[in-house]
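My questions will all concern the structure given below.
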Amino acid sequence: MYDLAEFVIRAAQLIKPDQVEKMIDTLENFYKNNRNGKVLVMGAGRSGLVGRAFAMRLLHLGYNAYVLGETIVPAIGKNDLAIAISGSGRTRLILTAAEAAKEAKATLIAVTSYADSPIGKIADIVVEVPGRTKYSQFEDYFARQILGITEPLAPLGTLFEDTTQMFLDGVVAELMLRLKKTEEDLRQIHANIEL
Amino acid sequence: MYDLAEFVIRAAQLIKPDQVEKMIDTLENFYKNNRNGKVLVMGAGRSGLVGRAFAMRLLHLGYNAYVLGETIVPAIGKNDLAIAISGSGRTRLILTAAEAAKEAKATLIAVTSYADSPIGKIADIVVEVPGRTKYSQFEDYFARQILGITEPLAPLGTLFEDTTQMFLDGVVAELMLRLKKTEEDLRQIHANIEL
Amino acid sequence: MYDLAEFVIRAAQLIKPDQVEKMIDTLENFYKNNRNGKVLVMGAGRSGLVGRAFAMRLLHLGYNAYVLGETIVPAIGKNDLAIAISGSGRTRLILTAAEAAKEAKATLIAVTSYADSPIGKIADIVVEVPGRTKYSQFEDYFARQILGITEPLAPLGTLFEDTTQMFLDGVVAELMLRLKKTEEDLRQIHANIEL
Amino acid sequence: MYDLAEFVIRAAQLIKPDQVEKMIDTLENFYKNNRNGKVLVMGAGRSGLVGRAFAMRLLHLGYNAYVLGETIVPAIGKNDLAIAISGSGRTRLILTAAEAAKEAKATLIAVTSYADSPIGKIADIVVEVPGRTKYSQFEDYFARQILGITEPLAPLGTLFEDTTQMFLDGVVAELMLRLKKTEEDLRQIHANIEL
């Protein structure tokens, strides 16, 4: 648990401020100037769960947020935002969905470890979040040597997923400040009947 | 398959028009006079799936529809609608959720085989949809003898679920007429990226 | 509701017995000879909900059933079965998933209105279930004239979805007979804590 | 993001080793001596998402893991394990589900900030994970003063959720060691078609 948290701290130092700025500016402007706009969050497996946790907070912040794969998903178009979360940037169904989002003319934000991956390449905005993935031996070595965490401590996409979860919760904190939302504002929207 | 469809036709004859009228009037008025109101659909197991299919069409019709158990569920209150689907009217988690909906002062519609069940009793509007359930030996006999279908053809809640699915799709057809919605209107909202 | 149920009865007459036989034989043999085999059910939107309702009954029958898009989905391979449900046979994410299933060497069953659709073509077994879909003007005309149901009564994929739901519940009834399962057997597996 | 990760590190120091030991021993013995046993993970909202992320890894480790609220959930009984995740220990639907799990005679593990909460009290094993929750003013003060994090940085249950996510990923790492599982073992089970 310590190792994971310390990895997150080291990873935070590697996240590029200008990429984050672009993502948060986009979300801030979207909220202020496009109140009917929709945000569709897309991710597979545990990245999808991280995406859901973020989508839920976007809802609490007052966004019209949706999650790919749920029952309640409207059409999206050119005034909408799609956020694809994929460590490798090449998760097949998410790539298909990201391509469809681009064809629908939505703005696409990718959160991925690889800006030059298929999903990264078609995105309008990319935020690179470090993590180990199966995609690249070199990057694996990088994660292992530079970031100092070894495989059995965090199998498969764990590092990307946990780092992204904390990163996106940081984005939520920043959006609260920019949109002048208090915890009480969020609580007002938070489900009162919930599973 | 024939037997199931014929059961649905016989069951349709047993559904009480005044109950249906109340449900559809409520949905019609809700749409026309309460455009910010939310509809939360609640059901467990296969009844929950039937509820999701209905919630999706409510979304396509222009309602702010949500499904208990999904990520994107806002708070509901006195201007909102909760629809509980439970054959027995006593599914535990749905009863808990229905009670919470009443405490939040939402209007509660119950779709159930048993108006005098715990969920039926606390609902503001009940629509009785026939089906076999484990709840009552007598009702079982009723389903078997009067409706003429026997157990191995439709195990557990199958009859209630399939009948309710067709009933709710009938409600959708009626709402399309009353709200003057065309198929093209629904298609505009229908997800264009979907799983 | 009557019109929908009557459509289902007419549609049932159009389903090809040899296609159904192949599907049920496959499921029967799979259960009897491949107890560790997995069945992955895949569908988008309301077809996905119909798939979930079927997957739940497969679980109750004793299969290792899973649903694409849920948390608990294992890898599938050459001894496994994938069942794709798509009215048009060209739902994008389901086509992507069906292709992946074929690459993994799983046996692919398609339930679709169009045997010659992309998903129909790559499937090992196809069951054609009639329904109206956006895919083809001709087929639309067919549904309207021959099957006698018009658009506002059953928007978008409703006819395919409801017919498939009843068809698959018919498959469950037949499997109960072939696998000598009683309702009580199913109830033993049915969730006792459920949402 | 730094603040959140540092909170997790401070919170890790407050987690009681004997509680963790009991939970991991139970999971280890369960795996070794009860290969047909089922693990049902239960949580609402973002705690539910954290639970799903853990359930997915339990599946990868070789457990028969399930998630409350999904389609594929079998009955559980006296040889099974239920894991309830609730910061406050009083989330209504999770309390209802936890009570049902106890009635079914399953072993109940609670992961909560409050051992003396309703869910904590009926659990066989409790692991206390620190976090801020709405439940208690005093505990709020505790989180704020001792743990040094203030509200707008981590609204609602964020601290509990993120800490629990990292804690449970730590449990996965320990289980990999005890069950002698490599990342490759996990990858073999990880879904190859995924959303």
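Which chain is which? They are A, B, C and D, in the order written, and residues in each are numbered from 1.
In this text, contacts are C-beta pairs under 8 Å (C-beta built on N, C-alpha and C of every residue); 3 or more make two chains touch, one makes a residue touch a chain.
Everything quoted here is computed from the prediction, not taken from an experiment.
In terms of the stated touch criterion, the partners common to subunit C and subunit D are A, B, listed by label. More than half of the residue-numbered contact pairs at B-D reappear in one of the options A-B, C-D or A-C, namely A-C. With centres taken as mean Cα positions, subunit B sits 35 Å from subunit A.
Subunit A and subunit C have Cα centroids separated by 33 Å. With centres defined as mean CA coordinates, subunit C is found 23 Å away from subunit B. Shown for subunit B are the residues in touch with two or more other chains, namely 49, 52, 56, 68-69, 71, 92-93, 97, 100, 190-191, 193-195. Residues 1-2, 4-6, 8-9, 12, 15, 44-46, 48-50, 52-53, 56-57, 60, 68-69, 91-94, 134, 151-156, 158, 161-162, 165-167, 169-170, 172-173, 176-177, 182-183, 186-187, 190-191, 193-195 of subunit A are the ones that touch subunit D when the two sit in their complex. Only residues 40, 42, 52, 55-56, 59, 65-77, 82, 93, 97, 100-101, 104, 188-195 of subunit B touch subunit A when the two sit together in their complex.
The touching residues of subunit B, when paired with subunit D in their complex, are 49, 69, 71, 92-93, 96-97, 100, 195.
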